[in-house]
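Look at the two complexes coming up: chain A is in both, with chain B in one and chain C in the other.
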Partner chain A sequence: MVENTKNINHSKDANLAQSIADETYAQTVYRRFKRHRLGFISLIFLIVVVALIILVPLLSPYDPNGIVGNYKEPPSAAHPLGTDKVGRDMLTRLFAGAGVSLFVALSSTLISTLVGIVLGLLSGYFGSWVDIFIMRITDVVMSFPYLLLVLVFAAIFDPGMWNIILILSFVNWPAMARLVRSNVMAIRKVNFVQGSRVAGMTHAYIMFKDILPNAMAPVLINASSVLALTMLDEAALSYLAMGVQPPTASLGNLLNVAQSFSVLKNYPWMWIPPGVFIILLVVAINFIGDALRDALDPQSQSQEN
Partner chain B sequence: MIRYILKRILIAIPVLLGITLLDYAIMSMAGSPMEMMLGPRVTEAALAEKEALLGLDQPLIVQYFNWLKELIQGNLGYSIKQNLPVASLIGQNIGPTALLMGVSLILSMGLAIPAGLHSAVKQYSKTDYTIVLLSFIGTSIPSFFLALVLVYLFNMKLGVLPSGGMTTLGYDPSIGDTVRHMILPVVVMVVSLLGNNIRYIRASMLEILDQDYLRTARAKGIGKKKVIRKHALRNALLPIITIFGMQIPIMFSGSVVIEQVFSWPGLGRLTMDAILNRDFPLIMGVSLLAAIVVLVSNLLTDIIYTLVDPTIEYS
Partner chain C sequence: MKEDKTTKAPQTPILEVRNLVKTYPAFTQGLWPVKEKVHAVSDISFDIYEGETLGLVGESGSGKSTTGRQIVALEKPDSGQIIYRGQDLVQMRTAELKPIRREIQMVFQDPNSSLNPRKHIKDILADPMLHHKLVKRKDVTKRVEYLLDLVGLPRNSMGRYPFEFSGGQRQRLGIARALSLEPKLIVLDEPVSALDVSIQAQILNLLHDLQNELGLTYLFIAHGLGAVHYISDRIAVMYEGRILEIQEAETLFKHPQTDYTRELIQADPLPDPSLDQFRVTEEDLKSPCDEKFKFEVTL
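Then we have the complex of A and B:
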C-alpha cells in the first residue's frame, strides 16, 4: 500500500547494513513484510483464527451440527453467541463454518492458480496457435459475468462443498493464466533463458525451472487477491443457498437465515457474528496480500494487482 | 488505426462463437428440454414424437446450429416456469436494472475519480492513508451482508427507508417514492464498486506522475498544481475509460445479489429466481445477453482507448 521502502539503503548502522547484505531472499522478504504494519498484524490475526478454528471444535462441549439447547436462545454463559433456530451452538458453528469457508477458498485458489500457471506458461512460452487458442478460451470464460457463471454451474451440478471448489476454480483460472502469460512473454527473451535453450534444455525444464521462479512474485500477489475474492464468493453463494449445504456450516450459509425478516429483526446474534467474521478475514487477507506486494516487488508498490 | 479496430472486431467473432458454444454446452449439461417437460400427463411415446418434431433427435452439433439460427433471429426460447418468451421477459425486467446500474455507475465514478486522484497527488499523506484504508475495507465487505446491515438499521431500527421493492404497494408510483427505494441498493452497489476503482485510479495516477515528461514539466518550474492540471489529468483519462469497461460485468454479478436482497424487480432478480427454479432457458438467455454486453463493452473500451491515446501500438 503506502509503505515507504526507499530508505533501505540509508541505514547508518554498518552492522545492520552488513546483516542486510548477508541475509537470504526469504529473510529480505520477511523483513520487508514486517514493515507493513497492517499486513503483519493481519498475518498474526489469521494465525490466531486458524488456531481457533482447530481448537474451538475440539474444546467446545458441543457438536457443531448437533442440537444442544433451546432454539433461538440469546447469548448466555452456556452459549456465548446464543443458539440458532434449531438449537445448535452458534459459537461452535461459527468456527466450524470459518474452517469450511477458509478450506473452500484455499483449495479453490490453489487449483485455479495451478491451472492458470500451467496454461499461462504454455501460452506465453509456445506462442502462436497454442497462445491464440488458450487466450480465446480465457476471453470466453471472462465474458460471462463471474457470479452468473458460478450460479449457473451450481444450479446444474448441485451445490455442495466440492462442487463449489471446482466451480470457483473454473471461473478464476483465466485471469491467473493471463497474468502468467504476460510475465512469461517478458522473461522468455532474457539471456539466461535463451542460454538454456542453446544448451539444449527441454521445454519443460526451461518453463518450470528457468521461467516460473521468476514469475512467482506476481502469481503469489494475485493468488492472495483471488483468495479474498473466493471467500466473498463462497459467502454470497452459500447465503443464496447455492453453496455449502447445511447442516455443514460455512460463514455464508450461517447468514442464510437472515433472508427471513423476522430473523434479521429479532435475532441479530444469528447473523451479525458470521458477517463480521467474513469481513475481518477478507480484510486480513487483503492486507497480507498488500504487504506481500511490498515485500516481493518493491518497485511495483504503487501498482494495482 | 482502422486496421487495428477491424482486427479487434475480428478477434471478437470467435469469442462470440465461443460464448454461444459454452452457453449451449451448459444448457445441454443441464439436461434435455424433453425431460424438463416430462410429467404425469405426457407419455414417453408422445415425447419421442415431439423430440423428432423439434429436431432434438439429431446430432448435438446439428442441434447447436439450429439453435444458433434461431438465436440470430432473436429467438431465445421459452421460460419453462413462466411459459413466456425469454426475450420478452428480459425486455420487461431490463429497465429497473439499467436504472440501478446507471445511477450506481455515475455515483461510484463521481466519488472514485476525485478520491483516487487526490490520494495519488497527496501520496503518503493522512488523507491518502485514510482513503486507501477505507477502499480496502470497502472491497472486503460482502455486498449481501452490507445490504442486510443497512436494512436492519434504516428499515427495522430507524424506520426511515423501505426494505425492498421499487415502489410502495397500493400507492401511485412517483419519482420520490422510487428514489427512496433506490437509496439502499444503490449504496450497496456503489460501495462494492468504489474500493477497487479508487485503488485503480490512484495506482494509474501514481504511474503517470512518475513519468519522465511530468518530471520535465516540473523541472521547467511551471508549478506543481499546473503540472497536474495541464499534463497529468489528461493522461488519467485512459485508466478512467478502462474502469468504465470493467464495471459492467462486476455490476451484472452485483445486481444478482443486490436485487435478490432488496426484491428489486430487475434482471438480477429474474436470474436468481430462474436459478432457484432451475429454469435453464431463461438462465442461459440472460447469461448469453450478459456475456454479449460484456464483450461489446470490452470492444468499445478498446476502440475508445485507441482514439484517445495516440501513443498506443496498433500491432
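Then we have the complex of A and C:
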C-alpha cells in the first residue's frame, strides 16, 4: 500500500520533471515569474490600468481637455474625482494623463534600450577603436548631473511630449550600452560564439543570433527599472512645467497644481489621485522587474535543476 | 587500428605549418610596468598528412591550443605560414578565407559552452549549412537527421535545447556541428578531457569511426598521452611554445627523444604492460623535486 503511493508519487515527479524539460524558454520564464506573487499581482494591476487607460477616455462622456463643469468642483456623481481649476473632469484627465505618462516612459525606454543594445553590441563585439569611440561618448553623457542635463535640454528645446521622450532616451542609453557591452564581452569568448566564427558565420549573425539572445535577460531587467525611472522623471519634469504641456494631461502636470498651498490644503481631489497613481505604477513596475530578475536569472535556474 | 593506415600511399600534407610565431603582450610588475612579449608559440613547423591523426601534446601554457586556434583562424599569428592545400591562410582576406574556413572545423574541450543555449539543436546544426549553401532549405531536416545518425543521437533531438543533454551527448552534438560543414580537417581541442572516463572511450571510438567513414584528418590536442596514444598516428610534443619532437606514435613510446616526453609517458598509466619497460623510474631522474627539468632541444 505504502509502496504503491510511493510509486505514484515518483511517477508524478517524473511527469513533472518531464513537462519541465519539454517546455520552451518562454514557458519556463512564465512559470518562474508566476511564483513571484507581488510581481504577478503587479503585472495584473498594470494590465488592468492599461485597459482602463484605453477604456476610460473612450467611455467617458467628457473630453479630457474640454471644460465640462464648474471649476474646483468636489467629487460628485457626475464627476467622481471632481473637476480641476478650470473645470475639466479629473477622472477622465487622470486616465488620459496616465496614458500619456506611460507612453512617454515606454517609448523613451524603448528608444534608449534599442540604442543601448545596438551600440553596446558593436562596442563589445568589435572592441578596439569602435569600443573606445562609443565608450567615450557614454562617459561624456554620464559625467553630467542627470537632472540638470534633462532640465537644460528641456530649456533649450521646446518642452513637449516628443522632446521629453528624446531627452529621457538620451540620458538613459549610455547605462544600457555599458550593460550590453559588458555582457557581450563575456559571451563573445564562449565556445559557441567561437564555433560560429570558425564556421565562417557573418558578424551580424553572431551578434544578433548568437550573442544578443544570451544577453537579453539583464537588458530586460534593466529596462524595467529604466521604465520606472522615466515615469518618475517625466512626472518631475512635467511638475516643473518643463515636460508635457497643458492642456494635454500627464500624471506629472496634473500634480503641477499642487505647487499652490491652497490647492494642497483645500482641493485634495486634484492632487491625491495622480500622486497615488504615480506611486502605484512605479512600485508595480519595480515589482515586475524584481520578478523578471528572478525568472530570468540563470543562477536561480541552476539551483532548481 | 593503426595498422590499417600504415599501408597507405605516399603521404601528402593537407596542412603545412611553417615557422609559426605568436606572442601576447604582458606587463612587468612594479611601478612602471614595461610591455613585454610572451611567446605562446615560438617558431614551430610541422605537417599534417591527409587522413592521419596528429596528436599534439603538452602541458597547460605550452602553446598547443594557441596553435590549434591559429589553424582555425580564430587568432592571427605574428609571423609564419599556415598552408592548407597549397594556400597560405595567414595572408588571405576574410572573404577569400570563407570557403576554406568551412573545410577546417573545430571541436571544443567544454561541450557545455560549445552549443548556443538559446537555440534548438536543429538550428544549431542547420544555420551554418544554410549559410554556406551546402543544403537546400527543404532538405535541411533530412540532413540534420543524417548528422544526428552519424554521431549516434536520436533524431528527435532536433527540437530540443542543449541543456537537455548530458555532457557526452553534448560533445556528440559538438562533433555533429563541426561535421555539418563537411570539413576535411578537424582540430580537436582536448575533446574528451572534460568528460567522464567511461564516456571518453565512447567519444574516441566515435571519432575514430567517423574518420574512417568520412576520410577526415584530425589534429588532436591533449595535455596527456593517454587519449592521444589511442587515436594518433603521429604525436608531436610541445613544451613552452616549441615542438620538442614529432614521431610515429609507436616510436615515440618506445624511443622517446627527450626527458620531457619520458616524463609524459610515465605520467599516464599505459594500457599495454609490454611498454612498461620503457618507463622512466624514480632513479632515472636526478632529483624528482627539481622545479624544472632542463631539456636539450634538438630540432
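Keep this in mind: the second predicted complex is superposed on the first by the 286 of 305 C-alpha atoms of A that agree within 3 Å, B and C clash if a C-alpha of one lies under 4 Å from a C-alpha of the other, contacts with A are read in each partner's own complex, and residues count from 1 in each chain.
Everything below uses one rule, namely that a residue touches a chain if its C-beta (ideal position, glycine included) is under 8 Å from a C-beta of that chain, and two chains touch if they have at least 3 such contacts.
The model shown is predicted, which means the values in this text are computed figures rather than measured ones.
Superposition of the two structures on chain A leaves chain B and chain C fitting side by side, clash-free.
Counted by residues of chain A touched, the larger count belongs to B, out of chain B and chain C.
In the superposed pair of complexes, A:Tyr239 makes contact with chain B only, with no contact to chain C.
In the overlay built on the shared chain, the residue A:Pro268 is in contact with chain B alone; chain C does not reach it. When both complexes are overlaid on chain A, the residue A:Phe287 reaches chain B alone and has no touch with chain C.
When the two complexes are overlaid on their common chain A, residue A:Trp129 makes contact with neither chain B nor chain C. With both structures placed on the common chain, the touch criterion links A:Ile137 to chain B but leaves chain C unconnected.
Once the two complexes are overlaid on the shared chain, A:Pro145 sits against chain B while remaining clear of chain C.
Of all Cα pairs linking chain B with chain C in the superposition, the shortest spans 6 Å. Interface of chain A with chain B (complex): residues 1-2, 4, 38, 136-137, 139-149, 151-156, 228, 232, 235-236, 239-242, 252, 255, 258, 261, 264-265, 268, 271, 275, 278-279, 282-283, 286-287, 290, 302-304. Of all the residues in chain A, the ones that touch chain C in their complex are 21, 25, 190-192, 194-202, 205, 209-210, 213-214, 305.
Residue ranges on chain B touching chain A, taken from their complex, read 11, 14-15, 18-19, 21-22, 26, 29-30, 123-124, 128-129, 132-133, 136-137, 139-145, 148-149, 151-152, 156, 163, 199-200, 202-204, 206-207, 210, 249-250, 252-254, 256-257, 260, 271-272, 275-276, 278, 280, 283-284, 286-287, 290-292, 294-295, 298.
Note for the complex: chain C touches chain A at residues 72-74, 97-98, 101-102, 104-106, 108, 110, 113-119, 127-128, 131-132, 161, 163-164, 174, 177-178, 181.
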